[in-house]
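Common to both upcoming complexes is chain A, partnered first by chain B, then by chain C.
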Partner chain A sequence: MEVSGTTINFENNAITVSKKYTTENIQQFVDAFNLFSNSLNGESDSTLGAKRSASIEHFKVTGFPTTKHEEWKYTNMLPIIRNDFHPHLTLDQREVDEAFIRASGYRGEAFRLVFLNGHFLPEQSSLEGVPEGVVVTNLASAIREKTDLVLEHIVGYGDSFEHSFATLNTAHLRDGAFLYIPKNVKLQKPVHILYLTTSTDQPVVTYPRTLLIAEGGAEGSVVEEFTGKSGEIYLTNAVAEAIVGENAHLSHIKIQHESRDAFHIGASHAKLGRNANYFNNTISFGGKIVRNDPWAVLEGEGGHAAVDGLYLVGEDQLIDNHTSIDHTVPNCTSHELYKGILRDNGHGVFNGKIFVQKDAQKTDSVQSNVNLLLSDEAEIDTKPQLEIYADDVKCTHGATIGRLDDTSIFYLRARGIGKAQAEQMLTYAFAVEVIEHISDENIREYAIELLDARLDK
Partner chain B sequence: MSQPILEISNLHAHVEGNEILKGINLTINQGEVHAIMGPNGSGKSTLAQVLAGHEAYEVTEGSVRYRGLDLLELDPEERAREGVFLAFQYPVELPGVNGMYFMKAALNAVRKHRGLDEFDAADFLTLVREKTQVLDIPKELLNRPVNEGFSGGEKKRNEIFQMALLEPSLAILDETDSGLDIDALRIVADGVNKLKRPDNAALVITHYQRLLDYIVPDFVHVLSGGQIIKSGGKELALELEEKGYDWVKELSREGTVEAV
Partner chain C sequence: MRDEIQREEMLEQESVVERFDKKVVDQEVIDKVATEEYKYGFYTDLEEDRIPPGLNEEIIAIISAKKNEPEWLLEWRLKAFRVWQKMEEPTWQNFEYGPIDYQGITYYAAPKSKADGPKSLDEVDPEILDMYEKLGIPLNERAALAGVAVDAVLDSVSVGTTFKKTLAEKGIIFCSFSEAVQEHPELVRQYLGSVVPSTDNYFAALNSAVFSDGSFCYIPKGVRCPMELSTYFRINAANTGQFERTLLIADEGSYVSYLEGCTAPRRDENQLHAAVVELIALDDAEIKYSTVQNWYPGDKEGRGGIYNFVTKRGACRGKNSKISWTQVETGSRITWKYPSCILQGDNSIGEFYSVAVTKNYQEADTGTKMIHIGKNTRSTIVSKGISAGFGQNTYRGQVKIMKSAEGARNYSQCDSMLIGDKCGAHTFPYLEVKNSTAQIEHEASTSKIGEDQIFYCRQRGLSAEDAVSMIVNGFCKEVFRELPMEFAVEAQKLLAVSLEDSVG
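After this line comes the complex of A and B, so read on.
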């Protein structure tokens, strides 16, 4: 009798939870939006205001995706959205923990924009020596000072309304990072965008927005870094947009090492012009539930997109990468390498879509997802996906799941290296290939440091 | 009288259910170089792998004492730290593992085990410079991922270089001569000879006599069908070269096995 009673209670709970998921949890985000919207006090441009309103209205209708949605099959939003997240509307200077900020993130040579809980910290940023014509600033300043430029390019992503979290980000669009490299200018130093989050009284949600514009023939390198205080619960819901002009080169790296109790949802959207070269590299170490949606669209002939990623998934962690490369015109190339390391009961998801549209003849595309499974309890769900509508193309894709090679382990042990260290060396060797694709030496070394530190644990 | 370094008695070993070693007896003393020769499939490489501790090989009978230790009880890394070194017949390529990093990790694992201070980067570089001069190995090789894209000769030279760094008490060279041209062979043999000391020993496994023109053994053993069927001095190698392995096989069948 007791057993059946428990079952009934359980079912009741299940119903309550799913009800919350469809109404109360969504209402909570809408209420938070209203607070945010009131706090703007008319500071905003009306075009952006309209974008925000349209986005929240759309969100009210669609809500969050459930696991019945093909694109969210393995990633349940409930553990994220049932937290009582609040946007951090104002930042008190007393909250700025300088020691924490200085100890967080990449410290090598760069133009640097630092944000705490979504707020720009000009004093912690370093923008000296930015070449004439180049703009490196926070997005709120850019909206005021470069209004037309921002409006011309922003919200390309949110317009599609296909991604509830991106929609929510657009609804909350206020600040973030902005980079503009004018025609034929080559930026010598990378731009480092550091998004820091700390939850003080209650779990914080931030909506950072990054807009990168490289005009024709321009060259630049950007690293977006997301981190926070370990052990804290927060949600980062980020969107980045990149416009890569004709013959421009843009390297766009994302390094995510959020608190292991935090959540991270990040989407990026890049548009490539004629002969443009775009390199996207998404490195995920942190977070409890992480979702990355990098998306690159080849819109001009002769363009090349490289979309790489590395994910290290450990205990009680889920990292889900959904990538899209869209060939819309002829004679473009794309190259994708995603590598995953899965430990303990970690769960990884890879879904890589390559679209080759009807006009995109002579497309040359290579996609590969390689996974290293280090534990019997770890799980990887991988789905490389080609959708080809043109008939004269060269596309290859593949996914593999493997373990460490016994012969290699024996070779290292036969030289005196212990089994655990041998396994760590080989795991490092597996992962470092993705990091080696980063062209900036300092950033590459920084990513290696982070990898080393994580493999040591 | 010199001390025994390795004492193998009645060693039997299986791999995937097949018995490959069928009762090996062999004692190697300090300062000695022993050569093991034999036809393909006689168990030469199995012996090397068993001594290094490869887990695919199961020892079913017999014992191996190494400098007073029960060798078979030790993990592969413990054997290496105690001074057993196997120069692999097929050195493994390790893409992504930097050669210098690998060798520093190996050397420090060995030094730590012996109660010595671990080498820092500067000490290690000094040592590497010294050893590269002795062995005439190009330094560029060492900075590349371990063995990745190396030629056969480069891989074998890298094995000997690692041996020089780790200064083993017992070096086991598993067909180090295979796939080498005569110049590479001379360089490798030269390296081995330079590392010879009165307190260490080497076990040279080879199919051909020509390596033994350069590394002169004190004893030669013929392995066939998983047993040592004939032992002798260095002249046995020449005799083998002349008469071929069929000769020893016949000896074996006639039951005229000679022991030293």
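After this line comes the complex of A and C, so read on.
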């Protein structure tokens, strides 16, 4: 692994490290970690404690990636980390603005977990009628009550240090959302996880952590939603992990509409068992600098992963999607569709990796990235990537970049529709394809509402 | 007794069945591919003029002095060397290679000849001519039949250029780089390093410091070069690197088609080939640059072979200019190069057609860069990768549309074919777009060689070998048809040799 290689040679090879990583301003994050660590007061489980300290020790050496790092080539982290972010260690009840909470996010039928500035709000959550055996709760309680189950799966991905921000999240692992669906249980209602951020007197950084476990034959649907008070500056550094058991079926949707001045870094990691079916859909509207890293690893034969995404990038925004689908066993399929709309001086980045490992014969994988450039100030950098080490596979990828089709606009205008409206209609039609892949009707409608509101502007 | 006969018959039948069992044939074929011998691995014993190994300013001064170079060129080399010393070897590539001992390389090795070098073909050492004969290069009169003007570079120096007179009548300059430095210093000085700056990258900087020879070509205004121009490179000496430079300038309204080919003897150690090629196309000019690269690929265990780390770049400086790269890469232990086009002039066109074959332990990380700067610039990329044995084949390409490139258009297609289950095929396309009027399409696919197609051919009486050869040739057709006719035939033969009888 690149990172550990460079850390070993750290002393004699300082230049190489400093080019790909920067330790600028890390002291602030380390100090914040120390404050956080002290506030744990023995709440810390020893296993988790070890994971936290290993992560912070690793972070101290590498720091943050720079644009010299291939995975961060187009996204400069400095504007984020140069902010003076403070962890939000305790929640003051005066911060809980009920009206604001109720007005934020999806309100349709769902089991709901609500978090404010990283803290769980039981009163705002609704968990009535959770079927027996199913656990929907905040992660801190799960750590206390389902310790073994949590420890078995948390930080379950291989190279946990590969992503500096995910490493930092693990160091601050304390609370977040937890879902457990036992064998063969089909959850009828979706689970809605709402992460809200409102800055108080100083910019806040939160480290939400989501752990989703669907056992063999289980079925469920999860929506993670990230939003905050508009105009506020804060950083959300989230990590989600999903374990999809044999024959299980998990839909994992992420709707992100943070404040346009806020920063959002989110990694998710899914592990798929035999004949498992995992659907990930990442919809990004908000944020000033946004980075999504959805990863899916197919570990059992017959698995299917669908990784979709939509990014609408407007003025002064940068949205970066780095997806990865890893076929490690034979006879799996994967499907990926990412669509981007770039407006004003927005900057979009897409990097989709598909790995087909040595033994993963009979893999069938399709990847597509389609981008709509609506302004000459906008920029898109896309890199669909295939790495294939097996021969009996069928893999294709495609990427296109272009503007709205002139003849389609002409067709609509010839029928008396104004130019602006025609463009909006076509843009909507372009974007809605990704949202239509969401199977839950209410959530689909909600995502369309958010899209409409943004296209109107 | 009857039983015995029956058993014998059965055994015989079994072996017949076995012979026709496709799986068995496949395995044989795959093994054959893996053990295919390199046909150009001979070594010619020549008297050599070589300087001691090592790299420092003194060595560079010696090379420069041997070439009787003007002061400015020595300064240019030294400047590149000083920057190179501060550079780090790149590590982003998708393969690993053993450390290169830059001090262990001999940077200048030349066949010993008369003090001033050969003046005509008659003066060239007959042994060298024999060697080129073996390679099938029409260096002598046979060239007339092939209609090709050849500049052959052996180790570090150019050994002879054919057809000089015919070309001179048209005003075309086609000579070795050293000769151009002496006779056309103004042209060399104007264009050298103008496309690939001496400090562009690690290997280009190394080349700029120590390059020993290469080809130079200038096509004057409005001239259509009457024949294909060609350079043949060969590394003969042991422990040397080959660092040549090609500089090709097509003045307004001219046209030239240029071909380079390369081979090297079999050796157990890895030899470095770090060349630089610069192309300049002015208004309405067109350059077609074709490469058939067949450096020694190493043995079947992956020992030895050439490291082919080359920087190739063309600048479409003028309006309506066009640069087209075609490459057939079958050799080298590692191929690492990205022939690129800078599309600066309005309406200029860049093209890249590539076939890369990796077998045994060969690795290739190759592709192109298309930088669109001018209005209505167009580029096409067609890349075909074939991996067999333990070969790893990577396509890495960049398409960059700058803000000024109104109406730019790009189409890329990258297909990979896998033969055997231990090889790999990888695709890394970078598309960077800053103009909304641009239209970019990229498509890639990876698949196994078609079993159905092989079955179909075999059913109709074709051998497995012929079937594969046919399928692979069909797979690469889009690229081969871009090659000049004679070389398309050569490339097809080369591919057939490379993958002889292969079935997946």
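Operating definition for what follows: the second predicted complex is superposed on the first by the 430 of 457 C-alpha atoms of A that agree within 3 Å, B and C clash if a C-alpha of one lies under 4 Å from a C-alpha of the other, contacts with A are read in each partner's own complex, and residues count from 1 in each chain.
Rule of thumb we're sticking to: a residue touches a chain if its C-beta (ideal position, glycine included) is under 8 Å from a C-beta of that chain, and two chains touch if they have at least 3 such contacts.
Predicted model, so just to flag it, every value in this text is computed and none were measured.
Asks: Following superposition onto chain A, is the placement of chain B relative to chain C best described as a clash or a fit?
Replies: On the shared chain A, the partners fit.
Asks: Residues of chain A touched: more by chain B or chain C?
Replies: Touching more of chain A: C.
Asks: Mind working out whether A:379 is in touch with chain B, chain C, both or neither, as first, second, both or neither?
Replies: In the superposition, A:379 touches chain C alone.
Asks: Is A:407 contacted by the first partner chain B, the second partner chain C, both or neither?
Replies: A:407 contacts chain B only, not chain C.
Asks: Between chain B (first) and chain C (second), which, if any, makes contact with A:445: first, second, both or neither?
Replies: Touch status of A:445: no partner.
Asks: After superposition on the shared chain, which partner residues are touched by A:364: those of chain B (first), chain C (second), both, or neither?
Replies: neither
Asks: Is A:416 touching the first partner chain B, the second partner chain C, both, or neither of them?
Replies: In the superposed model, A:416 contacts chain B only, not chain C.
Asks: Between chain B and chain C, report the minimum C-alpha distance in the superposition, expressed in whole angstrom.
Replies: Checking C-alpha atoms only, chain B sits 17 Å from chain C at its nearest point.
Asks: Inside the complex, what are the residues of chain B that reach chain A?
Replies: Contact set of chain B toward chain A: 52-55, 75-77, 79-81, 85-86, 88, 91-92, 94-97, 101-103, 105-107, 109-110, 113, 145, 162, 166.
Asks: Which positions of chain A touch chain B when the two form their complex?
Replies: Touching chain B from chain A are residues 406-408, 410-419, 421-422, 425-426, 428-430, 432-433.
Asks: If we count contacts the way the header does, which residues on chain C are in touch with chain A in the complex?
Replies: 88, 92, 403, 416, 418-448, 504
Asks: Tell me, which parts of chain A touch chain C in their complex?
Replies: 15-16, 70, 358, 361, 371, 373-376, 378-403
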